[in-house]
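Look for chain A in each of the two complexes below; its partner is chain B in the first and chain C in the second.
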Partner chain A sequence: MLDRLTISMRASHVIALTFFAVALCFALIATLLGDTFYMRLASEALIFGGLALSVDFLLGFVGQLSLGQALYFGIGAYASALVLMQVPSFWLALGGAILAVLVSSLIGGLIVNRVRGIYFALITFGLAQVAAKVVYNTRELGASDGIIGIPVININLLFFSFSAANPLAFFLFVLAIIMGFYLLAAWLLETPAGRAMIAIRANEQRVAFLGYSVRNVRLGAYVFAAMIAGVSGALYPVLRGFVSPELMYFATSGNAVIAAIVGGVGTLIGAIIGSILIVGAKSVIGSWTEHHVIFIGILFMAVVLFMPKGIFGFIRERIEMRMIRKASAPTEAKTSDETGVAGKQA
Partner chain B sequence: MIDADYLQFILAPQVINGLVLGVAIVLVALGLTIIFGLLDVINMSHGEFYAIGAFGALALASVGLNFWVILVLVPILMIPLAVLVERLLISRVFSTKDRHVTTLLLTFGLALIAEDVLKIIFGPNTHRPDTPISGATEIFGIIIPNYRMFLIGIGSLIIGAVAYTVYGTRLGAMVRAAAYDRNMAASLGVPVRLVYTGAFAFGVALAGIAGALLAPLYSVFPTMGRDFILLAFTVVIVGGMGSIWGALVAGLVLSQVQALASLFIPPVWTEPIVFATMIVFLMFRPQGLFGKIGHA
Partner chain C sequence: MTDAVLEVTGLSRSFAGLKAVDGVSFKVMPNRITTVIGPNGAGKSTLFNLISGVLRPDAGDVFVQGKRMTGLNPASLNRQGVARSFQITNLFFDLSVRENIRLAAQAREPAGKMLRSVKKSTLAHEQSDQMLARFDLTAKAGELAGNLSHGEQRRLEIAVCLASNPTILLLDEPTQGMSHGDTLQTAEMLKQLAKQVTILLIEHDIGLVMSLSDHVVVMHQGRKLMEGTPEAVRADSSVQAAYFGHV
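Moving on to the complex of A and B:
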């Protein structure tokens, strides 16, 4: 039986597939033209897309707005950078980042999940600020300068290896990881645990009545989202060769929120494309004026006001309608609606 | 035993500095807490309104206006801006399901735009207007700059006036009624929409006047709202979102903590400590020290 969420996710997959094809075309064209700048910019946009995906997972499905998701992005980036300074192994760096994010997000999750709604937004905001200030003040972590001069490494995949300095190979690698996260998140939502997360957004009390531990489900969702952010962060120093406290600042978290909202909350793929749109817009508008924030701000507010589902939420709805019309039993699909019940805000 | 010199030249001036910061923070936090208490809006652009007030004072001073005129003019000029924001943005999404999140996002977007507009108009550099009241006075051997004394005085006056308006007047009773139960207040003839717009404009005007007052002290730059607003948020959360007394007590206590802690630990560490206080409060007492406005 197909419920509404499954149809929505299938529509998301259509967009994701299109996006994947476009990304491959871009890589091909950029390689033929001998471009490295835009390829590396696109890699960076994808990495931040992972952070936006993490924000979207929490906001779109569990109904929690995190204003401090850059915390885990930063922890992943710093952990990866610290390992890379010692041993030039990507997989060790990744392992270090995963471990650091797992531990910190478990602690962070226990702290922030004590509160709900608007207080959740504020506490995530505060937590990231504290962590950013601590990093900023710690000389061992490079203080305000961050860690610079991270060596360029070779990434070993089972049968071959490539240099992180190779723009095409690294772009494809990042693309694979971020799309992997997208699929992982989509898969998780189809599992009973994922359904419980979505149910929390609709009505937290009833989830408890059904015998689920609300606390564990919330914590699980939080740690999962933090992992996506953290692993994306771990890729950052590999690409750019440095990390700085700015990665943890509110500006980074805020950009991820903007990307997720503009792209479309609850579409998963929208957040990734949204991040690319934002980075792209910054780069294009930034080439003729330094005041690009104003345009992004206006775009963001316009989307919040007039297109609450975001650009790809809007497009996805059109795709969904076509899918429903095509399906043999169109009435059945409308019965369960994951957005039907008003979420309880604190 | 603390010796007299330490008391006179280090501790006491630091307490005074903390008091000045405290009064400033309370002015900004009051607006924030009134807007939250009444409209349930987390105003992420409040820091930018504070910055607009400071830049407004700067601009008015550059055309040769007197400081006292500016002090009256800035909050008056902020009101139409605030009314516009409330009517065009906030009231538009007020009845949507996720209005907490939506209004937070809208004001966040507004903050981004406002900051960039300030950069376009005034440039990214730091300005430092002249102190309108110069000189210093010695009280019990403690030397206090006159402008700081004036700030503490006028700040207390404004805070007192706000508290009196909210708790002692008929208008304040309407505001509290609207905060407690807006449907009931509306059915009893309180013009709730007008009260909302008015409260928002009032909060913004307070931020503006704080900006104008503090410009000579903390200097003026486009991102000045960002650092300040975090502290204001902390004050509002610790005091209780929507509580006027809470903002006052928390503002004065936290600014003293920050001022005095910087005597014992490196000043850069005082900020994380203050923010950590906010997290602890959010964890264990999210309603803050005092209840919400309108709830006794």
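Moving on to the complex of A and C:
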């Protein structure tokens, strides 16, 4: 028999696969139409999707609301930018970002995991604001201007290389990385370590009495989520050619939380698509009016009120029910008509 | 003479000057049911919290199979074979019944399996199947623990404890809130369990204590009043005085 958690994850995979197919179609159509604007916009949305995925991993599975996840997105972006200013190597920049995020999230994790619940949310918020202000006031990091003029680089992939300025190639590259994160997170949640994280969301106090070190499990989840945010951040300067302190601000963290909630907390893929909806809405509506925030606010309220599980949480539930019905169908056929009817009603 | 599975010596803990547990010593012998009884406020729950690592004692020691375990945290104690249940049902309510048990069992898998698919935790799966069958929960395996009846939840609580393969099981009022029928069933099950694992119980139902226990420890106002066989305890006048007041 299939586990409930496994069924949920499979239902997420169905949405993820559909999303992947739609993204490829989008890339094809955009290329045929010779578009570069929307392709670059979609790349940016996917990068922020990585940040939202990181937020959803913590919120939806470990039960921790981080209001400062942009901290690691920003650290990844700055580390990547600093390396790229010296050496135009993507892999070196990525390595620098990973190292910086690993060290900072271990330190940050030891601080924020001393508390839980609302205090966790507040302390993650505070930590990110402090770091953003430090960056804002550090001349070596470009202070309020950030780091500009990051050269366009070639990304070497073993057998071939492409320019980061090539919108199609870069979009596909980002898509592969973000979907890779999705799969990595989904895989982790299907291991005993990941299940221990889920157990923390369900009842943190009980976990210790099963013999798990709650501190280590929480720290592991925190560092993993920070890595996703950090590597996503490392892609940002490659696309945009600059980084600025705003990347670490609450607006960035808050948008990721909104994306995860609109998309569907605990679905992983919903956070990524939610982020695309938000970035897309911002840009499209922003071209008509500067008050696009009003629209995002209304969208957020509508989802919270009418679809508390988020857009893709709602859809996923439907897929799950179909999967459960399908799984129990063979046994149903053997039993009498009565139970068959009951099964359909359920 | 066999060695005690659990031994506490001079265990004490005060809260703001009030001695909740005061110099309590006793031994729990293997494969027996030892029950701690006492009127409300006697310090039974504090005693359990001291043994299971929730609280640190001010004085005294806890030994499990002869090894000193004083001051270890609940996770380390669990890994040393001490599992406990809770007076107020304490489960993973929004996870399935099977997952509740599996989570406890997978903690016993070797560390190398922690980052492989849960499907590969064969030990944990076998263990869960066994527990589900043993506690008559197989039919409910896919249900969320929160949707079970109270009696089923109390059974699951014991199943979760047992799934971590403990040497000693601390059960805090396992029949709390159960119907009479469920209570009798649970008592029978505990008797069976005692063949496999040592049990230390807190229980209020005196009838149940007398029929179930091999050994009874009576607590009163933080101190151990007496200990002995159920018969000896029943006959003791100081126990009667503690429960009913001096007549």
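FYI, the second predicted complex is superposed on the first by the 326 of 346 C-alpha atoms of A that agree within 3 Å, B and C clash if a C-alpha of one lies under 4 Å from a C-alpha of the other, contacts with A are read in each partner's own complex, and residues count from 1 in each chain.
Basically, a contact is a pair of C-beta atoms (placed from the backbone, for glycine too) under 8 Å apart; a residue touches a chain by one contact, two chains touch by 3 or more.
These figures come from a predicted structure and were not determined experimentally.
Asks: Could you look at A:Arg139 and tell me whether it touches chain B, chain C, both or neither (first, second, both, neither)?
Replies: After superposing on A, A:Arg139 lies clear of both chain B and chain C.
Asks: Touching A:Val130 in the superposition: chain B (first), chain C (second), both, neither?
Replies: A:Val130 contacts chain B only, not chain C.
Asks: In the overlaid three-chain picture, which partner chain does A:Arg206 touch, first (chain B) or second (chain C), both, or neither?
Replies: Second partner only, chain C.
Asks: Should A:Thr191 be classified as contacting the first partner (chain B), the second (chain C), both, or neither?
Replies: A:Thr191: touches chain C, not chain B.
Asks: Quick check for you: in the superposed arrangement, does A:Arg325 touch first (chain B), second (chain C), both or neither?
Replies: It touches nothing on chain B or chain C.
Asks: Going by the touch definition up top, name the partner, chain B or chain C, that contacts more of chain A.
Replies: Of chain B and chain C, more residues of chain A lie in contact with B.
Asks: Identify the partner contact of A:Gly117: answer first if only chain B is touched, second if only chain C is, both if each is, neither if none is.
Replies: In the superposition, A:Gly117 contacts chain B only.
Asks: Contacts for A:Leu305 in the overlay, against chain B (first) and chain C (second): which applies, first, second, both or neither?
Replies: A:Leu305 contacts chain B only, not chain C.
Asks: In the superposed arrangement, what residues of chain A touch both chain B and chain C?
Replies: The overlap between the chain B and chain C interfaces on chain A is empty, containing no residue.
Asks: In their shared complex, at which residues does chain C touch chain A?
Replies: Result: residues 52, 73-75, 78-79, 83-84, 90-96, 98-99, 102-104, 106-109, 113-119, 121, 124, 141-142, 144, 160, 164 of chain C touch chain A.
Asks: Spell out the part of chain A that touches chain B in their complex, as residue ranges.
Replies: 59, 65, 111, 114-115, 117-119, 121-123, 125-127, 129-130, 133-134, 136-137, 250, 254, 257-258, 261, 291, 293-294, 296-298, 300-301, 304-305, 308, 342-343, 345
Asks: Using the touch rule from the top, collect the residues of chain A that touch chain C in their complex.
Replies: Residues of chain A touching chain C: 1, 3-5, 187-188, 190-193, 195-196, 198-199, 202-203, 205-206, 208-214.
Asks: Going by the contact rule set out above, which residues of chain B touch chain A in the complex?
Replies: Against chain A, the touching part of chain B is residues 42, 89, 92-93, 96-98, 100-102, 104-106, 108-110, 112-113, 115-117, 119-120, 226, 230, 233-234, 237, 266, 268-269, 271-272, 275-276, 278-279, 282-284, 286.
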